[in-house]
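Have a look at these structures, which come just after this line.
Two complexes follow with chain A in common, the first pairing it with chain B and the second with chain C.
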Partner chain A sequence: MSATDAAGVTAAPAPPASAGAGRRKARRRAGRAGQYLALLCYVVFLAFPLLWLVSTAFKSPQELGSVHPTWLPKHPTLDNFRTAFDEQPLLHAALNSLMVAGISAVVSVAIAVPAAYVMVRFRSLVSRAGTGWILVSQMFPLVLIIIPLFMVLKNLHLVDSRLGLGLVYVVWTLPFALWMLQGYVKAVPVSLEEAAAIDGCSRARTLRSVVLPLLTPGLVATLMFSFVTAWNEFFFGLVLLKSPEKQTMSVILTHFLGAEGAADLGPLAAASVLATLPSLLFFALLQRRLVGGMMTGAVKG
Partner chain B sequence: MRRRTFLTGAAATAAVAGSGSLLSACGSSAGSGVPRLDFLSLAWQTESVKANKALVAQWNQRHPEVQVRYVQGSWDDVHDQLLTSFEGGAAPDIIHDEGIDLTDFGFGGYLADLTDLLPAGLKSRIPQATWDTARFNGGVYGVPFLQEPRVLIANRTLLVKAGVRLPDDTHPWTWQEFEDICRELSHHGGGSAERYGTAWPMSSPVSVTLNLSLTTGGRILYKDEGSGHTEVRFGTADSAFAEMVRRQVRTDRSAPSSALALGGGDVLPGFFAGRYAMLPLDFSYRQQIQQQAPKNFDWVTLPLPVGTHAPDGGRAQGVSPQTLSVAKSCKHQQAAVEFIDFMTQTPHLVQLAQGDWMPPTGTAALRDPSLTTTKLGWSTGMALASHLTASPALGSRGYPEWSDKIATPALQQYYSGAIGLDSLRGKLVRDGNRVFERYRE
Partner chain C sequence: MSAGATLRLRRGTGRGAGTPPPRSTAARRKVLGLDKDGWFLLLPALIPVLVLSVGPLLYGIALAFTDAQSGVTHATSFNGIANFKDLRLDSLFWQSFRIGLLWAVCVTVLQFLMSLGLALLLNQNLRLRWLARTLALVPWAMPEVVVGIMWRLVYNPDAGILNNTLHHLHLTDGTTDWLSSLSLALPAVIVVGVWAGMPQTTVVLLAGLQNVPLELHEAASLDGAGLWRRFTTVTWPTLKPVVLSITALNFIWNFNSFGLVYVLTSGGPGGKTELPMLFAYDEAFRYGQFGYAAAMGLVMVAVIAVLLAVFLRNRLKEDES
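Let's look at the complex of A and B:
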């Protein structure tokens, strides 16, 4: 709309500059629509396996054997959930998983925060070597460590122990947690800590009142990463826990699988849907804390 | 029978590290000094799990002096799980596994040799030919208790409509007849009219090819009984089965190439939709078919076609039976064998067979009326049971490596048409024998 229109004066040809602005606006809108479309496609792509899993969980065996699968079950049934609960101790396994994933998340963050801070703020040969070791440690395949690890745990009487498994997950997730947190610590300007020191804060107080609150998004991200990694992990859980009553969710899920890809598909999908719920809830509860931009404008220049 | 995973190659490294801890742990106490044995079971189907749990409960009630704890495992990961726990000295006492997996563990010294531990009753319950499936390296390393033949599952409506004579146990089709009928049943009109006479789900091409090469008088893997060495040969009788599958897929187009990469369960939707008229499948797939088939879908279990001029009338098939073994590290080996004896008593074998939908190994159990019924095709599989023989892969050291590195890719290429018969022979034999040579001591 041109300025002359707004003034209620006889319509005059719109100035070329204004027409250009309109076109730009339209282009911007089209661009934004395109971005949303791309985002939608990406979300659908990411959500596809989950949606398919949910759909499968509510299908009868006959529908699962159909050559023309449908998105929505034609005759939705809860039988798969009933069978899954009847055949396997799902709740108990979920509690076991919660316990080991909880230990893993809390302990690895508790170790990673001070370690990451020291490695970023006190650049020494040790911290540089530590950073290098983090990278190197990621290169060891599971196959190399599983048997020696089993023996170490056996000597510590931590085989067939949920605490032992939790500690293994701490060790397993710690390198990446450290790596992640280092990035967050680097983003906290040193000038903020210096300002706090000038105001008379001790180092401990600076860490508690200045650095930690600014690290919240990093803490949450690391917590989520450690929790989900431990929750989903299968092989350590399979090998290290012998007692059926201690088995974790990911191990229990394989009990619906037979030889050569045969599977009790309906109950497996039902149990898998239930197994994804805690991770989803955990994300839903914590994602608001994952906000960025907390430090925007904290330091001038 | 199943995917072998990454730990297989680590066995040698691990053996060095773990040799000291073999004879510890195992056979923990259930409290108040009563020994407790862990029984790792791989049963996974609802009825089968129920049957196993019920038998364990029955044993525990009758034998307060030795308690057994039921631990469920899974077929996909059992090899890695066992290898790790053997090395760590914390293996389960009684182990449910399959014949092929016993070779490595038996030679590796992880399993108890049951030769002198087996009670006479148990020895006589199972035929000698079946015992051969678990005998190697001068010992018996497991009790074979369930075995599974391959059968043809057919869409009866399509076969009757085409006027095809249905084979029975006494008059099975020959492979040649099978090929002709598959050609006749195939229809390539495009769209929903597209139909194939059969489909070959070959997600594990090596075990299928080895076991069914016996029907044409072949073996592919030849073991020298004296030295125990394995040699690969791929003569006319050895290659006849593989050539037929390739002909059906590439020349006749009576079997789709798309099914070659699939597993048995994956081809069932196409079977229910009438896209494939017959499926050569393991006998236990009947459970899934009965559960998933649409109402009014008329299916029938037929004996597998036979090769002409082959021993045993071409009925012989190779199998790798399900076994029960005892860990060498188990402190109460005699009690563990007594538990296996209990599990394999005729009525219990029948229960386990019904739960897993496959024939038992016991001679008396094979005659049980509940298993010889014609209902759900049981009698067809039971009639085949007496023709089952040890898979050529059983007891062959180096088989897993040959299968993974040489035979699987070579057969996949051959079936899909990427290489010809000469090239396949070269890979299987020349490259294959190099692998087996490395396992000769």
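Let's look at the complex of A and C:
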């Protein structure tokens, strides 16, 4: 019966043999089958839209117009990708996204590391206020922030500017960066810092030579996550960028939709696949760390 | 208190984080519990947060009580609660608000149930677990806009795979226009919301499940507790705090969501999927009514805060009894 356990255990020792062992065995096997069936349903639900997107990206216009669409393209073609680049300034948009997301992720993590350190190691009113802000910032609808932000940035002549959007993204990715980094800072033993101090390290030196090297893996993970968050962001980009040559990937993609909707499915799918690749790549690299980071952040009590 | 202790490390006293700081001049020279070093480290993050998050937020709250408009030359003036009076009678806004609540509740509940199921399965020693695990993370890595576009391709009435499959299975005639149908658009959009939001919830629940003590399960199973009983008496109590926080967060995120529905339906057909965020966005950036839209935002925050307070209080009371 331990094997049919769906109540949250990976494995438990076999129960002692008894008269009902045979019946139990049959039930266990049925339970296993049920679990595999459920898992299969999940896999189908999660995978079929993805498969359809990728398959559409590689289909020829004739095939897309067919009344009996097939799961896989019969004659895979790269035409859609070519058309997508012709129709919209995709390359430019990708560079914009790369620049805005990349710079804002670096800045965000650079300012989040010392702040996270202070919030973990110095128990003060400010640290608690910081934690409060992380939570409250999740609660407010963006519309309440975007209007004043728009007005402030307009006064600074930073509306319709990549710099302005980058600044917004720094603050936008900061709560989660702080949250993740706090978990990593907590994992650095205080005793190491104490040892360095006893050996005569200055405070700045301790941070640089003891804490920072130990934080590096967490730092990289946070950096990638911040990048993905900014790369995928849509709302701020939509409101703050007006000129097509400055728009980011997410915003440019909506141009494919056009007025009458999905008229040109192939290029739309192709561009979408391209827009997902960078985030997917980073996620593949950091998936294990991300799960771990969220857990260390979450169990802080 | 660890602040004082850690700081004194430099002088070689080597106090651990647990010892109370000694009273000295340095210890007293603190602002809000932080000394100079602390402030120096915190400031680079604090300034952007104040300028671009806390400031705009307060400004936004103030705007809700003004007649601010975009591109108007005359000076903005306070008009008290006039925006809220108008809002009270704005039946379109309340309709959108009801849709928003329905959407947020449905998506959050379904997301939770489906993620719990998946997390329980992923916590088992099943083959192909890696596949489900990887797939479960993919939606998280995708831009919202791409998720919307992808499901538009799935729902497409002519070339979409959904209609085609249903037709092959002889379930429908294969001509359903999912996103333009008055009755089907909202459910169709909700499914997308669930799909897109499952990864975070699953990851958090899985992390919670791995904290459930194995010995308790073994003991309960030796005492003859069945599957369901073990879930309710062993797994659930450990998981509950995690469930509370992730559902509360999910509810907030879902209620405030924008991009998915903007791409899928833009609020149509006939306003059937017009979430409050979409409504407020139009009000602000299409009609330029900044003050009025800010008032909407404020009402949204207030209602969410009240709902969450009720939800969390009831749950906490249950815990005590």
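Keep in mind that, in the parts below, the second predicted complex is superposed on the first by the 209 of 301 C-alpha atoms of A that agree within 3 Å, B and C clash if a C-alpha of one lies under 4 Å from a C-alpha of the other, contacts with A are read in each partner's own complex, and residues count from 1 in each chain.
One rule holds in what follows: a contact is a pair of C-beta atoms (placed from the backbone, for glycine too) under 8 Å apart; a residue touches a chain by one contact, two chains touch by 3 or more.
Just so you know, these numbers come straight off a predicted model, no measurement behind them.
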Report task. Have a look at where A:122 lands relative to chain B and chain C in the superposition and call it first, second, both or neither. Result -> second
Query raised in the report: Which of the two partners, first being chain B and second being chain C, lies in contact with A:159: first, second, both, or neither?
Result: first
Report summary line: The answer to whether chain B or chain C touches more of chain A is C
Query raised in the report: After lining up the shared chain so the two structures overlap, which partner does A:255 touch, if you call chain B first and chain C second: first, second, both or neither?
Result: first
Query - Which of chain B and chain C A:56 touches, first, second, both or neither - result: second
Query raised in the report: Which partner does A:151 contact after superposing on A: first (chain B), second (chain C), both, neither?
Result: both
Query raised in the report: Does the superposition put A:239 against chain B (first), chain C (second), both, or neither?
Result: both
Requested in this report: Considering only touches as defined above, state whether A:197 meets chain B (first), chain C (second), both or neither.
Outcome: second
Query raised in the report: Looking at the overlay, what does A:64 touch: chain B (first), chain C (second), both, or neither?
Result: both
Requested in this report: Once the two structures are superposed, pull the chain A residues common to the chain B and chain C interfaces.
Outcome: 64-68, 141-144, 146-148, 151, 235, 238-239, 254, 256-257, 261-262
Query raised in the report: Along chain A, where are the residues that touch chain C in the complex?
Result: 1-2, 4-13, 15, 35-36, 38-39, 42-43, 45-50, 52-53, 56, 64-69, 71, 110-112, 114-115, 117-119, 121-127, 130, 133, 137-149, 151-152, 167-168, 170-171, 174, 178, 190-191, 193-194, 197-198, 200, 202-203, 206, 228, 231-235, 238-239, 249-250, 253-254, 256-257, 261-262, 265, 268-269, 272, 275-276, 279-280, 282-283, 287, 290-291, 294-295, 298-299
Query raised in the report: Where on chain C does chain A make contact in their complex?
Result: 1-3, 6-7, 9-10, 12, 14, 16-17, 30, 32-34, 37-38, 41-42, 44-46, 48-49, 51-57, 59-61, 63, 68, 114, 117-118, 120-121, 123-126, 128-129, 131-132, 134-146, 149-154, 156, 158-161, 164, 195, 198, 203-204, 206-207, 209-212, 214, 217-218, 221-222, 227-228, 230-231, 234-235, 239, 242, 249, 252-253, 255-256, 258-259, 262-263, 276-277, 280-281, 284-285, 290, 293-294, 296-298, 300-301, 304-305
Query - Residue ranges of chain A in contact with chain B within the complex - result: 61-62, 64-68, 83, 87, 141-144, 146-148, 150-151, 154, 159-160, 235, 238-239, 242-244, 254-264
**Report entry** Touching residues (chain side chain B, partner chain A) in the complex
**Finding:** 1-3, 6-7, 9-10, 13-14, 17-18, 21, 25, 38, 42, 44-46, 49, 69-72, 74-77, 80-81, 84-85, 87-90, 92, 203-204, 263-266, 268-270, 272-273, 275, 285, 288, 291-295
